[in-house]
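Pasting the structures here.
There are two complexes below, and they share chain A, which is joined by chain B in the first and by chain C in the second.
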Partner chain A sequence: MTAFLRHAVLLVLAAVTLLPFAWMISTSLKPRSEVFLSEIRWWPEKLHAVENYTAAFAKAPLLQFLLNGAIVTASIFVLQALIALPAAYALAKLRFHGRQTVFALVLFCILIPPQAIAVPLFLLFHHLGILDSYAALILPFIISVFGIFLMRQFFLTVPDDLIDAARMDGISELGIVWRVMLPTAIPAVTAFGIFSVVAHWNDYFWPLIALNSEPLFTPPLGVAAFRNAEAGTDYGPLMAAATIIIAPLVVAFLLAQRRFIEGIAFTGLK
Partner chain B sequence: MAQLAVRNIRKTFDRTEVLRGVDLEIAHGEFISLVGPSGCGKSTLLRIIAGLERQSEGAVVIEARDVSGVKASRRDLAMVFQSYALYPHLSVFDNIAVPLRMRRLNAWQRLPLAAWVVPGTRRIQREIRADVERAADLLGLTELLARRPGQLSGGQRQRVAVGRAIVRQPKAFLLDEPLSNLDAKLRVHMRAEIAQLHRRLGATFIYVTHDQAEAMTMSDRIAVMMAGNIVQVGTPDEIYNRPQDIRVAEFIGSPKINILPGRVDADGRVRVLGLALDQRLDVPSGTPIQVGIRPEALRPATVADGAWRGTVSHVENLGSEVFVHAAVGGFDAPVLCRLEPGEARTLGVGSPVTLVPKPAMPSFFDAEGRRLGARPVAYRQVVNG
Partner chain C sequence: MADIALDRSAEVAAPPRATALERFQHHWTALALSFPALFLMVLLLIGPVVTVLIMSFTDYQLGASTVAFIGLQNYRDLFADRVFWTSLGNTLKYVAIVVPASVALGLGIALLIESGGGLRTFYRAVFFIPVMATLIAMAISWEYMLHPQFGLINLLLKAVGLAPHAWLTDPALALPTLAAIGIWQLFGFNMVLFLAGLVSIPRHLYDAAALDGAQSAWSRFWLVTWPMLGPVTMFVVIISAIRSFQVFDTVHVLTKGGPNKASEVLLYTMYSEGFEFFRSGLAAAVAVIFLVFVLTLTVIKARLIEKKVHYA
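So, the complex of A and B:
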């Protein structure tokens, strides 16, 4: 009975969360005449999918936006991992003076909201002359404090013996990070990857500040621009564009989900 | 000459002194055990020898070279860890091959697809394969080379860890409690296997354990450590029969040695719980001493005269031998006696028992626990006569 109740509550919550999403897809299939009907109609009487989706691709460089999104999120994630993994290894497994202080500073940085430093960053990038470029979209995020924290917590659970064994085998400290810690940390890296990619794929605030030229627009910016400039109140193609932009994330999550949950077999450590 | 030596090693962690000036010389090809209760510093000493920990003071010398500042990987030692520490994402083959790849291949040759690009890579890889297969064959791992550590049993993982150590033929092997994660039966089996491996390789083994049975059965020499010091170094026989310190006597041997309070008579003879022993000590009469008598050095007396009288408080029958706990008058702790099954047949809990020490020499310790040299009574009489 409690199990039933629990599932009922979860189902209702899931339905509430998914409702706008479903409505977006539904609208993307409707002709203009059916968008603002007073009755709720999930499936249009006259299917307008092909027209809406062709219009979306025709009116805006959607593929370019998707490519921009892929380049930016992938670069951010790779650079974040390149920096966070060695930093987390040092904080978790190396003994040095001031380690606790450094870790406290890392935690402190989690508290800084990105909006607070947007203006200084904008000015800095203006002086560097890299505004309105991929670099402007990527560089502010390459040091992920959250990533360092998450990976450190994971590395703490890796037995010291494994690291000592690697040292005896002649693997350098950086080698240990990439050849020993990274393979054992795949579940944690995947989890962090999901957070990172979702956050930066969907980020609207910083690209809006940093970009001017449409060819560099990331997907959320592209959709917004699309609404203002091209479609106006033509919600069918607009929702089609939104669906296309969300699709890669949904697919990526469904693919990573299994990997995410199954993890890696750790029984070899003990 | 010693192949490996530690000189006056001290180690302090946050003002706690873990090692207090340890000296030890280890000969080439020797199997030496560092044994002691947990927290005595034996693992720290091993890690300092390995180069995984830096000593606060003192030197580690390998083949006449001071390696104190040398990195672990450049000391040419191999280590087997208690948790085995196998790489969970690599197959058994790759686990064993890692130390060879790190030594024989340079950074370019280790890259994927290097075999097609960097000259010489293939030949080295072939040699590595041959060496790994030889080590696997020696340890009976050939069938398991493709598996991951997660798919192996405890004993198999242990063997892979040993394989990773022997494959590169290091100067010495360091083993840190390698058997303590195995069940009792497998432990006895692996004990024999490791001793055999030592004979076959003829290499130096330094073996850390808290299990005195492992140390006794495998070692050429045993170093007993207590509270950051080596208290005694010697062959298993010396350690067992002539402990230099009461803590060594109590730590080595299972069941534990009986420690009885004694006193020296006016004529120098030792008197324990009212019974005069056949040994003399050159200490002033009346000096309180402690007498260590192994359970197997006691036997039931046929006559009650000149024997300790007591009652049986507990009997442990192991089939091949019987341990009898007896409450002896004037002493709080039970006195433990190891008997043949035949001798103990009539003894049940509550039955009276008389015990006498066998002629074998007991160990005598002063109030601080240091060994006192004793001589048999007869010998003294001959000298005097």
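So, the complex of A and C:
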């Protein structure tokens, strides 16, 4: 009885949670005549899926938006790792003057919410003449203090013997970072990577400020622009576009949910 | 491996002194490894924070030929502006709705999922999807669901005989509606944190509570679960507060702060001052106020993490 009640409550809540997704997909299958109805119809009488999805791709460069999203998020993550891993290694395993100061700065920088520094960054990029470019989207995020902190914590647990052995084999310190530390840290790097990609794929605030040109739009900006152009006229193609925009991350999540939850929830709060 | 072990024991027996040159090189290697990060940290984080603070005391406008220090004038202007107080008030109201609701919902669902029975992974995945899905795309779906005439919500209300509402254009409803979307997006995140907290409660505490006569699930909850979850709950509350303080996306896409400033929030005020009117100095002052709120919350969070280490 209690088991039944538990499932009943959870299933109702699950249905409510999924409602916006279900309604979005349902609308993306409807012809215009069935979008503006005064009754609830989940499955269209006349299926208009092909037309709506074709229209979505025709009215806006959706593939370009997705490609921009992929280029920007991948570049951000690769650069974050290239910059954060050596620093994390130095902070965790090397002794040098100023180490405490550098680490204190890292801890301080973790406190800074990105929106608070948008105005000076915008002005800096304006004077450098790099607004409205991929560089403008990528540069502010290539330093992840949070990534440095996370990887440092992980590197602290790597035994010193491993590093000493590598040194005796004549591997340079930078070589140790990539050939010894990185392989041991793959799970932590993966979690951080998922955290980083999801955050920047979904980011709306900074791209909104930094970009003007539609060909550079990331998925959130692209779908918002689509909606501004279409507002209130035809929801079928708009919902098809929204479905296409959320699909990559949601599908990836469903395929690897444990990793995603670890990456987003647990990485996000340490 | 044996060689290395031998070498190490030799090292322990007679530690070789690093020469001054070696120590010098070691020192510079470490600095070189951390230099790119240090440089970018100063350029892209610390520099801008200092700049935003200084800028908030100037009349800087993008494109203006002169700039002057005007002391606290920006802050005085803000505090004399009714819109600023509306904006701050709305932000606090939004936080006050989203935090308790998303924490309670997250905890309740985590308890239900953990209370036994199957489908745990399924439920966890379903409730986590809104956390992941691009909020802007989902805001657009919500907008259509909230459409006064053809939206699913009003159609459902009418079907059960209730009055429809103009959710996003009624001044009394705009902010609570945005808060509802905020709750929908956040509670799955909180649920996952609570699930982790619940798993770490030792089973024997429940057995002990049962021996002491706590027979019902209700009394076991108050006797064991709630006190043990205390630190996690505080933590989830603070994290939710930080996240809801940063509300912007839904406001920008759905209401533009309207109707009549009814859903104007701090980040939206900063955005329109800084990037629509290009009054950078004033926007910087709003950013500083935003920063003070978020920093306070983050420092509390950091304190809690230290405490948690103590608990564990």
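Here is the rule we use: the second predicted complex is superposed on the first by the 213 of 270 C-alpha atoms of A that agree within 3 Å, B and C clash if a C-alpha of one lies under 4 Å from a C-alpha of the other, contacts with A are read in each partner's own complex, and residues count from 1 in each chain.
Criterion: a residue touches a chain if its C-beta (ideal position, glycine included) is under 8 Å from a C-beta of that chain, and two chains touch if they have at least 3 such contacts.
Because the structure is a prediction, the values reported are computed rather than measured.
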For A:M168, select first, second, both or neither according to whether it touches chain B, chain C, the two together, or no partner. both
Check whether A:P159 is in contact with chain B, with chain C, with both or with neither, and answer first, second, both or neither. first
Would you check which partner chain A:I112 touches, where first means chain B only, second means chain C only, and both and neither mean what they say? second
Now for A:I40: first (chain B), second (chain C), both, or neither, which partner does it touch? second
Please tell me which partner, chain B or chain C, touches more residues of chain A. C
Figure out whether A:A185 sits in contact with chain B (first) or chain C (second), or with both, or with neither. neither
Which chain A residues lie in the overlap of the chain B contact set and the chain C contact set? 161, 164-165, 168, 264-266, 269-270
Within the complex, which stretch of chain A touches chain B? 159, 161-162, 164-171, 180, 183-184, 264-270
Flag every residue of chain C that touches chain A in the complex, lowest number first. 4, 7-8, 26-27, 29-31, 33-34, 36-38, 40-41, 44-49, 51-52, 55, 62, 109, 112-113, 115-117, 119, 121, 123-138, 140-145, 149-150, 152, 155-156, 159, 184, 188-189, 192-193, 196, 235, 239, 242, 246, 248-249, 252-253, 267, 270-271, 274-275, 280, 283-284, 287-288, 290-291, 294-295, 298-299, 302, 305
Chain C-facing residues of chain A, complex: 2-3, 6-7, 9-10, 13-14, 17-21, 23-24, 27, 35-40, 83-84, 86-87, 89-91, 94-99, 102, 105-106, 108-113, 115-124, 126, 139-140, 142-143, 145, 148, 161, 164-165, 168, 173-174, 177, 198, 201-202, 204-205, 208-209, 219-221, 223-224, 227, 235, 238-239, 242-243, 245-246, 249-250, 253-254, 257, 260-261, 264-266, 269-270
Chain A contact footprint on chain B (complex, rising order): 47, 50, 52, 71-73, 77-79, 81-89, 98-99, 102-103, 148-150, 152, 157, 164, 181
